[in-house]
């Protein structure tokens, strides 16, 4: 068992375990917090896969941005004061069965059935330069559109928030 | 006289009359009567001209050369229709020995019917327009030699009759009109089928040599024109000629009317106004038998010979059944309706004999029955105008009250019975001579002689109930017949007397054609065997 | 006197009465006196016929004058060759005699009617009808072919219909007229069928050519049976017209007509037409046909005589006596006594007409009283009528020195000879029995009307002798009943002009094996055998006749006398009371009085069933056949209703169903849209799962 | 056995299933959002794994980048909506928010 495999199993375990807790914990803050560890696990996997730039971006955007956002969401939508900030779940058993079957089917198909055309894993080298070129050559249109998208999202979020401010006013 | 289109004129003058009638303003409506009189008068003159220029010894059943006053023009000529080639239908008219008497009969009866409709007062214009249209339909049937044209006139005759019975008729006029219309239409549907069947199974070679499907009756009569695979062509082993013949025969039999299909006649007659009954009995009944002689016999000679016994059988049934039913009637018009069924039975018996005397007798009987029954209906009309009832038992002793009228009645009744010296007997005698002579239908002829006896029975019984005995007070103020009725009854009486004494005036006209028809039937039978059903 | 001239005169004789009829009918209304025109015409006719008779018997005794023309020509008919129908005229001795008889009696009846019918409101029309009757009767006698005979045959039927139903106010009169016409028509159908057979086999109806072809050996349809059938069928026509057994019922009812009419038509002429027709076709009658004719004739005479015994109406007695005498004539033709039949026809015409006119004058005198039981003792009141009546009665009873004796005796001799030759003894026996009965009922009539005391005093006082116009015909006719006119010797008719030269039995043309052997003459005949002067009889038959002549004469005189004696004892001297006798033999009396119940029998078997059948057929026609038509209409209406229902519910149903179904499904799925986001995701998951399982090939 | 592509795929499917489980079973809207984020990350692992082992070059990673950007935008909008829902309903239980059901 080389080092590479061990690290992989480690990171895999972190992500899946924390994801499991996120999904099953009654306390929303706990799940929010475990989400952090899930993101860290995923970043590790990216590193193992040689996608260094993505790993960093993951760190910044997911953990830095989205997680915080979620935390804000949690804080704003639940009165900390109330004891029960637990969130209910609905009909767990059918969901577990359904998801279990889904997971079994997917893993069976993807992992074992289809024999992917696998290129021998070559040495890892930094990908940022390739990505940069790629973004501004093949995917320039997508790049610009993303820019616009983010702008719209910004305006949207602002407009929704603003309405909230007005009610308070009158 | 070649060139002068006498037949077209003869057929379409009533149409001109109709237009004239429709054009005149509403208030001068009774002008329509005079227009109709003029139109039918011209028709009579033309018919007489036709008769005088008719060459007596031209056979003309199946070969065009011996038909007379032929008029043949291109009527519908569509070239190159996809799969049936060019459609060529001619406006083909001509007369021979069989159709001239019918033309004469139609002209005379129409003229007299116009006279007798002098008293019609309900929407006079409509009446006379319909009347003249009907006249054209009838005349057209007797002169057309193209099956398509024949069918057009045949249908043309139906519509005005429906209105004439339906609007100007008696109490149950709608029922009678509808029954008449649907019955005849039912028949003519069969005729249409056979017509189309024939159309597609025969070729006619045109002047330029091209072969084309045809409705021309004369071409359809000539077996050489038939294709090998036509559905009705004799050369095709499993052809449907037998069924076609039966269908065509049913179509014509309804018009005769033949026994099972006759129930429309009494209703139509009872409800129709007098002039229309005169036309209906005088001319319309002859179309069925004329159709059989003109179409069924020459086009299907071998089947005719095969079925002659059945035609004779139905003829006999008509005679006996009609006479017996007449014996039991209480309504004067219904009695005469059944008597005309019985008399048309003689025509069928004569036709079935396929012998010269038989067919001559049949055609003469068609003419005589036309005149005699027309006179009978006029007689009923005279009483009905005065007494407004047709019940036989309501009358009695009219002889003392209306002696001159009784004189005409006696002539008409004894002509209907078949008293020698009057025209009725000559044709009946010829029919019996003809049918008795043929071994196959001899027994039927013998049984049919019973018809003469029954005829005497119901006619004399009617004469007794209505005219003899002492006068019924209700009728003591009935006045005898007036000038107009004289003008109607005298010509018919003269015809009946004249043909009774000297029948060959008409017989010579039809004799050559009948001989050539009999010749055609006897020779053309050998080379076809009756195809399996 | 060229031959053509005689023919023209005869045709003129034929058409004059028709002219009379037309003139009187058309202008009778305007000129009340027009009937005299008709009487004038008939008198001219009589003179002309006498003239023709004289010329015929003087210069053309042996050859028949023939003139024929084509009536209808069919050109040459396929398979048959040239075919036409000929009409024509043939004048031979018999025709001329009949001309004279018909015209004479017609004239006498016309004269008689002047007085008898005076005051009748349709006086002119009566004479017109007499005119057309005479025309038709002369037509029958003159035509040389069967078709023309048939034409006039029916015209005679028409005129008898008109005359019987003259007083049509009385329902019984119009009924009698109708009955006469229809019964005659039954006979005419038989006659017509005979004509059809002959025309079909010989393509001609001229008697001479038919007889030539039969003589040449080709029989109708090449079978002897058909020849016999033709003979019998034509005889059926005679049965209808001459009132023989099955079809005689119309004659007694015909007494409804005026008495002069009965005298002319129902005694002398029309009824004789049947006998004349059989005599015309006598040559083609086979042995069997003649036997049938003889039997029918004999039976008819016997039956009619028995009925006449008990009748109380004077005219009915005479009517049945006519039927009986006609039976005699037909029997004599049947037994082969051709000449005697015609001789009896002539003599009977005269004395029967005299009897009828006599009864007419009695009825006229007694103000239309016809029942003999009301009459009596008229001898004193009406001497002339009584004298004429007595002579005629003597004649009909066959008392010597009268014409009746001669002709009846000849017939009886003929029947005796026939009996001896062929062994059919029944016919002569019947003949003689009838002779007895005839004498009895005739004298019963005479005694009841003229002798004894008047039974109805009131009517008797008014009775008076008929005026000259009515009496004169009676006298003439009675004079004609004396023997002198027919034969110098009172006892033997052969010597007379009638039998020796005028009327000869034409030789039969029927092949030898079919006719009686005694009919065939041994000596072969030189000229064509059916012309006038053929050999009278074959030797065998003539011998038999001579042998039978005297016994027949004595026997008939004896029986006649016995009959007269019997009548006197019962009615004049009242030794045997007729009523007591009738009570004893009551059923026989009733049987005879009610005319052997034949009328009722015919009504039951023919008339009522036909009327009933016609009612049934009319009902059948209205309900069944019409029912089928209306049924077809209702059936189509029913089917259209069904297809309408089908259309609305089934086809439309489907459409609604789909709509409903989609609606239903829609509602069902709507439940899925719970608004909760998670259910949608669950759906997505499940559908992905389903897809995986469907697509992935494990 | 030596870590290959299938191992990464197994991890991503597990993560994916857990994400769906989260979305499906949790009542709280924010938890649902977290579930979505897990699903997106699972997808990204796949992209990256294939860009490494498949011969797609760097495309896989580019798309993963786009997914991340989108996830961010989506989270922002989602949270704004959740806040609004919270304001109107005072709770964010997804299964009680069903006004859209007519």
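Going in written order, the chains are labelled A, B, C and D, and every chain counts its residues from 1.
To be clear about the criterion, a residue touches a chain if its C-beta (ideal position, glycine included) is under 8 Å from a C-beta of that chain, and two chains touch if they have at least 3 such contacts.
The shown structure was predicted, so the numbers you read here are calculated from the model rather than taken from an experiment.
Taking the definition of touch as given, a chain qualifies here only if it contacts chain A and chain D alike; those chains are C.
Distance from each chain's C-alpha mean to the overall C-alpha mean is smallest for B. Most remote chain with respect to chain D, judged by CA-atom centres, is C. Ranking C-D and B-C by contacting C-beta pairs places B-C first. Distance between chain B and chain D, defined via averaged C-alpha coordinates, is recorded as 98 Å. If you average the Cα atoms of chain C and of chain D, the two centres end up 127 Å apart. Each chain gets one centre point, the mean of its Cα atoms, and the points for chain B and chain C are 36 Å apart. We define each chain's centre as the mean of its Cα atoms; on that basis chain A and chain C are separated by 133 Å. With touch defined as above, chain B holds no residue shared between interfaces to two or more other chains. Among all residues of chain A, those that touch two or more other chains are 90, 95, 98-99, 102, 106. Listed for chain D are residues 20, 24-25, 95, each touching two or more other chains. The set of touching chain pairs reads A-C, A-D, B-C, C-D, using the touch definition from the header. Across the interface of their complex, chain D is touched by residues 673-678, 681-682, 685 of chain C.
Listed in rising order, the residues of chain C touching chain B in the complex are 25, 29, 71-80, 83, 147, 150-155, 158, 161, 165, 168-169, 171, 174-175, 177-178, 181-182, 185-186, 188-189, 192-193, 196-197, 199-200, 610-611, 613-615, 617-619, 621, 625-626, 629. Chain D makes touch with chain C in their complex at residues 20, 23-25, 32, 94-95, 97-101.
The touching residues of chain A, counted against chain C in their complex, run 90, 95, 98-99, 101-102, 105-106, 109, 113. In the complex of the two chains, the chain D residues touching chain A come out as 2-11, 13-22, 24-31, 33-35, 37-38, 41, 44-45, 48-55, 57-59, 61-62, 64-66, 68-77, 79-84, 86-87, 91-93, 95.
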